[in-house]
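Across the two complexes that follow, subunit A remains constant while its partner is subunit B and subsequently subunit C.
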Partner chain A sequence: MKPFTWLAPDTTAGAVAMLREHAPDARAIAGGQSLLLALKDRSARPTHLVSLSGIDELTGVRTADDGSLVVGAATTYAVLARASLAGWHGVLAEVAGDLADRPVRNRGTIGGALCTADPRYDMPAFAIGVGAGLRVSGASGDRAVAAEDFAEGAGVTALGPDEILTAVVLPPLAAWDTVAFEKFRHRVFDAAIVSVTCALRQGPDGTVAETRLAVGGATPVPVTAPVAAALLAEGASAAEVGTRAADEVLPGGTTGGEAVRYRHELIRSLVRRAVDRALSDVRTV
Partner chain B sequence: MTEAPPRSTTGTAPRRLVGTSVPRKEDLALLTGTARFIDDIALPGMVHAKVLRSSLAHARVRSVDTEPARELPGVLDVLAGAELVGKVKPWGDLMQDLLVGDHFPFATDKVLYEGQELAAVVAETAYQALDGCEAVAVDLEPLPAVVDPEVALRPDSPLVQEGIVYEFGDGNIFDRYKVRIGDFEAAEREAAVVVRQRFATNKQAGAALDPHGCVASYDSFTGVLTLYSSTQSIYMVRDVLADVLQIPRTKVRVIVPEVGAGFGSKAQIFGHEVIASLFSMRLGRPVKLVLGRGEIFRVGTTRNAQVRYAELAMTADGDITGYRDYVVHNTGAMSVWGNQVVHIGTNVGMLPYPIPNIHVDSDIVHTTTAPGGPLRGFGIPQVIWAKEQLVDMAARELGLDPLAVRARNVVDPEEFPFRTPMGHIIDSTSIKQCLLASADAIGWTAKRAAPVPYEGLGLAVSMKYTSCRHPSLDTDLSAVRLRLETDGTVTIYSSDVSHGQSHATMLSQIVADGLGVGIEKISLAPPDSMTAPFGLGTYASRGAAVLGTACRLATERLRDKVLAIAAHVLEVGPEDLDAGNDRVYVKGLPDSGIHLEIIAATAAYRTHQLPPGFEPTLETVATYDTPTEREASNGSGNLSVTYSGAAHAAHVRVDPDTGQITVVDYAMVHDTGTVINPLIVEGQHQGGFLMGLGMALSEDYVYDEDGHQLNASFKDYLAVTAPDVPELTKIYEIPAPSTTIPGGQKGAGESGTGPVPAAIGNAVFNATGVRFTILPITPQRMLIALREKERRGVATIRYPDDMPDFTGPRTPEEWPRPTAADGGDFDFDFDWDAEEDTD
Partner chain C sequence: MQKVTLTVNGREVTAEIDERTLLLEFVRDTAGLTGTHNGCMEARCGCCAIEVDGDVVKSCNVLAVQVNGAEVTTIEGLSPQKLGPVQQVTTQTLAGVYEPLDAIRSSVEDLHPLQAAFHRCHALQCGFCTPGMVMVLKDYLEENPAPCRDDVRKAIAGNLCRCTGYQHIVDAAMEAAEVMRGAGATTTDD
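On to the complex of A and B.
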């Protein structure tokens, strides 16, 4: 670790101003669960750390007037895991409570996961999978970004140097009837090798009206599989959807190296499981 | 003075502690966080050193300029390789009694592996030392890395060690090993089946939680260098360090604080111990140098990875008549113990079968990877992984039950001691009963008769050495000094470092029983070369048997002295006396007699009351060297004093969607001889199993083609964690007490590891029809192998080396090429950027 100056603003605007003032080597820090490791081995050397954890407006979960769920970017996994959230919003709590380990969940935040943009992290994939929107504040004002447009590569986001991710907004409950999240990892606290989010909405006649599939871990940023997802409404089986999703996410995945073929296989299996679970959820509702 | 309580005429006979689960004396300090580990040590005036390590695996050192570092605030001294040449003596392995000077504090002309020391900086704070390391200007010329040991064998391979002419080697082969017992070719001709397979094993880390590190403190007035170090052996460190520094051994003192495990990875001297010592001698100040996890992965020693071209001959009745193997043994870029591992691992790894015809050749090679060394099992898990799978393969070809074949072959002589063709002297064993009990515990017969899809059972048996006379180290001794203090308490001095083996408890139980002193009155002094008798250290599962025997002998000597004083005072013969309840008493009257406290005080403060001619004070020392043999030129010999049996039975379940392998149930039946403390031994078996599980399913060093380790952190290195472990409720002992060791003990520390990969490998085959020829069996490999099996439409497949129809090779060149790569393609090879390119 190298010496740095610790700054603790109490408003988002203050934080943005500090990032701007101390550019280019100022960094925002929320839970620090990725950044601290980089600081420790000196692969990150910020001169100033702008802490977001004391900014009230960045923490907590609330339901907006339109029914969307607004999650402060600096809300920790532990808080999310304990939150009682209605309907499929509750899957957010389940995902937050079943990643990394307890110390990481106590410090790590949903916004931190999105900004770190590790291809294997659950939260970016989940946000894309449910069609979440992100709110960003910067020196030039506030803007909204779709979750799927936020990560631009492994570890790279659309965030400008003096911008802060302020909230993750899940669409209203009516957007989906159910959401199923599946992942596979080595050890219980490891990041997922592949994760799959399946969001599903029925039409008035009980058939599948809309399906959204997102796959994390297999590509530099989590991606959706719209072609495979559309098959479900056409009556394809979960297994067929899985096979199609694997080819869609990893074209040529059956002929690559072992690591590529394995991810291709996992996409097939996990999409099938997620779709099966989503379908059984809506049928029992 | 108060009146003595009324005495009963019979009293309470003292309770014997050996054989009981006395709570560990170590636990209070460990569980309350008061135990002091190496990084807890803070000495007045202490300064901090850090090492600059090579980021390249193989490179020519053009220059190392330390001057810029000297300019930085807080920096006190900087060292690099060139200035030490001629001043510091190289060290290394004793190979066939020749010293190989392949170790030096820093790379001088060439870097041989990633993480090798290039320079070091000492400063007022650790952060300033790191700043100093960054300022050192290094100019390296990259050379091609050699990661694959079979590539290292090729004549056109880049040469790793250039400066050393090896007596017995050639190119990157720095030593060779062979075994010639009986006539394998005759066995091959007469066998009903010979099964053959190429097996590869992994490079596993020690992964001790307590880091490698030390504090060196040189006293410029006395000239004594004190080294506090997290090590398994104080005298190996002291003797080599004194030799390296060319100072008398009386001027080096090695002290060991609490050591949070080693598993073999701390059983030698390391560069950082020399570097801290040099800095302290130059500055006259204490210097702390504790390694980070990434450094420990790269320079702490690892399990030696092997490629084995193994063959096993079996008669139609299921008798194992021959074993032939060509072993490529990868010890990394340099190694103190590496070549010993293939010797002892192969010799002892032939057990528990008295195989009459054995033919083994091994090339021991250098690669530009992390140094290999001892690790829990010392080469035996690698042999068992190959041999115990071959047993299943042969049984299958002959239509025999793997349990019946093993039961027929395990050593089960009519009379003990029994000498096997390999030369082992089996002084006692219950391995056959262990085997049958393990199969019974897992439900072998019923479950094999009613198979469940994707579930399977597997067996493996091994016998692990207890102590070892290494081919390069003609000694196998430990020593204990005991002092009955003047208040009746006892101090035990030993140089064999307890780092999880509970020496304080185990030795106290022996002393308590022998001397009749309460266990709460007995203490184990910290290992300190200034006070402890000479001993080799804690490795080779030798603690209970070898150190325990030394302790038993010292206790008997002390007891004789104590009884002599009591006999003189009580005016009876010493043969009429017994010791117990903190006193010496006339036999049958345990509540009478003289308290040890009185006897101890008499021996020191009232010497006129001692028997005539009695040498005052009560202190004894005993050294026990095992009656083991040196290795013969044909590879045979009884290298171990006795052998612990281990029979394991695994029940696994495979998820055909993800490849995840779950160990549903696991039975371990061991012969650990006379168990001093069942609680400690059970803990050793649990830990041994965990290390075997990691070797079987997840752990490996992953290198890229440039020799960079891709998983040098606990985040990426897949060490086993608690949720991965099945309920280990089936751990049983069937003791066959050693007849060579006076107390009957056998080694406990490593027998839990050996059979695990093979038992799981056999169970995976039973579950899926996939015979893995490589470790670890990751979910990725499992799933890809299943798909390959489906694609080919076959019932069974060997993966990744599938060569089932091949017969009759002799030299490795004649073996077919593997059908799939066994290097690389581990999870960490997955490259998102590469995927992007193909999109």
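On to the complex of A and C.
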């Protein structure tokens, strides 16, 4: 670890001011579960660390007036997993409670996962899958970014050097009837090799009105598969949607290298499972 | 340098430390409690697990400054410590020719239910991973008093043991869970 100066502001504005003052080599740290690993192997060498854990406004989960769920960026996975959330918002708690391991979930935060932008992490893929919005505070004011526009590459985000991710906003419950999240990993505490989120809304006549499919882990940033999702709305089977999604996310995946073929196959299976589960959910509701 | 104060097992420890000091290093080197083990330093093995304000964390992946002011419980804090200062190291103590419980001048009743169950079920061989296992299971069982064996295996997913094959550790956790629930009679064999 390279030496750094420790700064612990108690407001978002204070943190932004510190990041700006010491840009570009200052970094924000929330739980630090990813950043500390990077500090130890010196792949990150910040001169200043700005701690977000003392900022109360960045933690906690609340429902906004319009029904959307506002999750503070520095809310830990453990808090999310224990939260009692209604309807498909509850899938956020399930995802948060089934990643990494118990001690890591007690420190790791949802915003940390998004800002680390590791392609294998569940939270970015889930946020994109349900069409979440992100709130960002910076020296030049606040702005909103769609989750799918946030990650720009593996480990690269749309966040400026003096900006902080403050909240993840899940759309209101009415946006989807059900959300299914599926992932594959070798060991329980491993990051997913591939994860799939399938969000689904029915029309008044009981047919599928809108769907959204997002695939994480297979590409440098999680991506949506709109063509496959549209196929589902047209009444295609889960298996057909899976095959289409795999080709859409990894074109030519069946003839690529071993790792690509493996992921292609995982997308096919996981999309099929997620779609199956989402369909059976809405039919039993 | 940064001044950090932690309450470690009820004892307040204040020190002027380098910002880079990990919580693990603070507990071992500054507070002098070496029961918390340094296994991998990469948050993989779980040997360094301790409780910070009631939540178990991997102390090798937390900076001491991050938890300034917190209450920390380590493996030493689970049962009253009756270990006297080590007078001298003899070949006998090195060879382990003593009853472990005699050595800490304690009895099974003094141990935390998990420690007692680990002892009874022989849930350790080399013992390196044990402090982490116990701390994670304590945190888990306090929240989930009636787990099944699969739940326990998932709970200790972030703890690696290279000796036991986990079988006896799960046995011990199930037994401790029963004691902690107060359901089963505490078996006082041997």
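Quick note on the criterion: the second predicted complex is superposed on the first by the 285 of 285 C-alpha atoms of A that agree within 3 Å, B and C clash if a C-alpha of one lies under 4 Å from a C-alpha of the other, contacts with A are read in each partner's own complex, and residues count from 1 in each chain.
What we mean here is this: a residue touches a chain if its C-beta (ideal position, glycine included) is under 8 Å from a C-beta of that chain, and two chains touch if they have at least 3 such contacts.
If you're wondering where the values come from, they're calculated on a predicted model, not measured in any experiment.
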Query = Looking at the overlay, does A:5 come into contact with subunit B only (first), subunit C only (second), both, or neither?
reply = second
Task = Would you sort A:100 into first (subunit B), second (subunit C), both or neither based on which partner it touches?
result = second
Message = By the touch definition at the top of the document, which applies to A:45: first (subunit B), second (subunit C), both, or neither?
response = neither
Message = Applying the document's definition of touch, where does A:32 land relative to subunit B and subunit C: first, second, both, or neither?
response = second
Query = For A:260, is the partner it touches subunit B (first), subunit C (second), both, or none of the two (neither)?
reply = first
Ask   = After lining up the shared chain so the two structures overlap, which partner does A:193 touch, if you call subunit B first and subunit C second: first, second, both or neither?
value = first
Inquiry  = For A:252, using the defined touch cut-off, is the partner it touches subunit B, subunit C, both, or neither? Pick first, second, both or neither.
reply    = first
Message = One more residue to check, A:184. First (subunit B), second (subunit C), both or neither?
response = first
Task = Take the contacts of subunit A with subunit B and those with subunit C, and give the residues found in both.
result = 1, 3, 37, 187-189
Request  = Mind listing the subunit C positions that touch subunit A in their complex?
outcome  = 2, 18-20, 41-43, 46, 49, 52, 55-58, 61-63, 65-66, 136, 139-140, 153-155, 157-159
Query = Taking the complex as given, what residues does subunit A use to touch subunit C?
reply = 1, 3-6, 8, 29, 32-33, 36-37, 40, 49, 51, 53, 78, 100-104, 106-107, 187-189
Key: subunit A partner contacts - residues on subunit B that touch it in the complex   = 127, 130, 134, 294, 657-660, 698, 715, 718, 721, 723-724, 778-781, 783-784, 787, 824-827, 829-830, 832-833, 835-836, 838-839
Partner subunit B, residues of subunit A touching it in the complex = 1-3, 37, 41-42, 119, 153-154, 184, 186-190, 193, 218-220, 250-252, 256-263, 265-266, 269-270, 272-273
